[in-house]
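In the two complexes that follow, chain A is the common piece, with chain B as its partner first and chain C second.
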Partner chain A sequence: MNMQPGVSISSSSRVGAARIGIGGPVGSGKTALIECLIPAFAKRGVSLAIVTNDLVTAEDAERIRRSGLIDPARVAAVEAGACPHTVIREDPTLNIAAADELEARFSDVELILIESGGDNLASTFSLDLVDWWMFVIDVAGGGDIPRKNGPGVLKCDLLVVNKTDLAPHVGVDLARMERDSAKARAGRPLVLTNCRAGQGIDAIVDQILAKVLFR
Partner chain B sequence: MTASLDSGLLVALQHADSQFPSGGFAFSQGLEASSQLAARLGACNFEDFLDVQLRHRWAGADRVALTRAYRLAGDLAKLTELDLEVEASTFVEGLRTGSRRNGAALLTTHSRIGTTGAAPYRALIGEGKALGHLAVVQGLLWRALGLEETTAVAMGGYQAAASLATAAVRLGLVGAIQSQAMLAKALPVIVEVSSTPVADDEPLRSFTPLAEIAVALHGSSGQRLFSN
Partner chain C sequence: MIRVESVLGSRADAALHDAIHHLEHHGEVEFVGVAPADLDRRRLLARTDGGEEVAIALPRDQKLYDGAVLVLDDHRAVIVRAGAQRWLRAKPASASDALELGYHAGNLHWRVRFDGADLLVALEGPADTYAARIDPMVSAGRVMLSEESE
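And now, the complex of A and B:
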């Protein structure tokens, strides 16, 4: 029985740009990854917009706007009210509204990247908000991160292990970290990246094109 | 004998619950700014801040807008006019924008779950024909859910107080348990200020200058956790 006279309980599919989440701990390189993804998607002819969730004001949004890589109007910032998990999971409405607004303003947008505001390993994206999401960890954060079995690492559609170039400098056995990641994810997708050198970026774009945009 | 449950009460609990996705967690109504600017504007005591917000903002402005919106019974054209009144009577840009974003976020959830009037009003906002201030949206939606006017007002007052309390906890101004004691003290205030009748054309009034000055000063700050 529906006890709410004004509510018609039905599932409805959304029509519009695909939305993907980019989560991961503070400092893991999410913004740097986005700065690599923007030109990579441009090369493949994918029209983008971006929503950032900064912990404090619009730091990441401003960085992307000033990068010269994308029309600054296509970048929206959503404050997380000190709750970076809430804004992408328990209450994603502000992000949904921001993405809807970008979609309405730029009718050619095919893909909206939604960057979380810096999480811990327990962070996950609501599927109310995104169609697919990746989780970014980095080598300098510790080679044991994949073994901690955080929900972010386990549940994401794609795990990105970033800053591979730092492995020898921080005492991390990269091959072991890759094996541990693959084991934790039971064979689900995993990409190693070094954003400073652009390594691994095409592999991420390929995944998104195939699994999200069906190209 | 088992007493029968009031389904309206359950609906009210669902929609007043902070778990209901509404975006409200991202707004502090000037509490963050007031606490950070205490050296310039004077000490910020959360209990006093809460009392001032309820008596001098919510009672005469948000409560009135919510009540009037409720009585418009889904008349979207008249709701857009009321929205303009809220816009004109909210002096500080950060509070105006916050109220609109919070209203849009609440409408987002209701549009998806199919609450009557939500999708059309959201479309008007998208077309630039409505502003979607929170109190107006609350009145529209809670009426559509079949809730009583007094229940809708109670929900609005409770949410105003509870969201400030959670913001105070996240800002480290009070503890989570302490905040509940303060919230309990605020409930009679909500009852008291809600006893003032609202005419169908009641003007919107508020007077919270210190909080507004704090929001205005804080607007360009690079160190904000909350939207306002």
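And now, the complex of A and C:
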């Protein structure tokens, strides 16, 4: 403890697992990205737990539980019931409770990934819920998405442009989309990913290890 | 790299004040600048004004604030210096304009506070990006804007 002799102040609370958010529009590939991140973090020796958010089902959680990539008990589902952004921003109580419970059940957990329900470009995470968050958009959603300057794109700690492999099939100029993304980000981090080929995954893990887990 | 896992207290706390004051006389107090938008983070990589990296990981029931003491020992203190919060003052011309302005501020999820009949919007980016969202009201003279910081 860094203390001056004679000064006595103590804290009974402890530092828990880091919590990061993964947001983005419906279909941008958030769950697929998590399926890539699980083995990538395992390779780096990071113990994980996951919270998924769906509107009225637990479909994403079930998909990850059945993936065989992680102990199914380490995956919790939150059913938002209404606006997906409400439970990650205005009132994140349900997600905080889910993360707290995972942390209580698995004392070795170092990192909790909290996947938001699919939302729009305006969704952002409360810093009461997460320590750091990324926003996932995808090439097939339209090459103009970065130019729309949505708060999710502008405010996240890391912007992920996913499904780069689809660019030639959906008529998107990937180089231009990358330039537009970089312009919108104004120097803040950006990663291009192709989950099917595992491209860009290590770059995301590197960011999280450095900026959240301080390794 | 300095690792910090709790806030020891405020530099204004009586229990810490004398020790910090003593270190200040010897030039052994360093400050970590934290932007207002980052004060809510429990984990943050920052740098002291002396150039040393500080990895902050706080328990969920603790928060950073201006004057939070992160390190205090015989040789030095490291203290948070919060950046000034910038505000956009929006002055509506009438009660109906105030109603409409309030609607937009809520719909845009702006962080606000009230100052008499004015609305103050906490800025986390360029002021003109906020002004652009209510440009029809601004252009029509129904809301007057000015930027200020505290």
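Simple rule for what comes next: the second predicted complex is superposed on the first by the 201 of 215 C-alpha atoms of A that agree within 3 Å, B and C clash if a C-alpha of one lies under 4 Å from a C-alpha of the other, contacts with A are read in each partner's own complex, and residues count from 1 in each chain.
Quick note on the criterion: a residue touches a chain if its C-beta (ideal position, glycine included) is under 8 Å from a C-beta of that chain, and two chains touch if they have at least 3 such contacts.
Quick caveat: nothing in here was measured; it's all calculated off a predicted structure.
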Q) Is A:L55 in contact with chain B, with chain C, with both, or with neither (first, second, both, neither)? A) first
Q) Once the shared chain is lined up, is A:L127 touching chain B (first), chain C (second), both, or neither of them? A) second
Q: Please indicate which partner A:G81 is in contact with in the superposed arrangement: first for chain B, second for chain C, both, or neither.
A: first
Q) Which partner does A:A104 contact after superposing on A: first (chain B), second (chain C), both, neither? A) first
(Q) Under the stated touch criterion, which partner chain does A:P92 make contact with: chain B (first), chain C (second), both, or neither? (A) first
Q) For chain A, what residues appear in both contact lists, the one with chain B and the one with chain C? A) 3-9, 128
Q | Touch list for chain A against partner chain B, complex | A | 3-10, 12, 55-57, 59, 78-83, 86-87, 90-94, 96-97, 100-101, 104, 128
**Q.** Residues of chain A touching chain C in the complex
**A.** 2-9, 11, 13-16, 18, 89, 122, 124, 127-128, 131-132, 149, 151, 154-155, 210-212, 214
Q: Note which residues of chain C are touching chain A in the complex, please.
A: 1, 3, 5-9, 13, 15-16, 19, 40-43, 45, 55, 57-62, 71-74, 109, 124-125, 129
**Q.** Residue numbers on chain B that touch chain A, as the complex places them
**A.** 7, 10-11, 19, 21-28, 101, 104-106, 108-109, 112-117, 126, 141, 143-146, 167, 170-171, 221-227
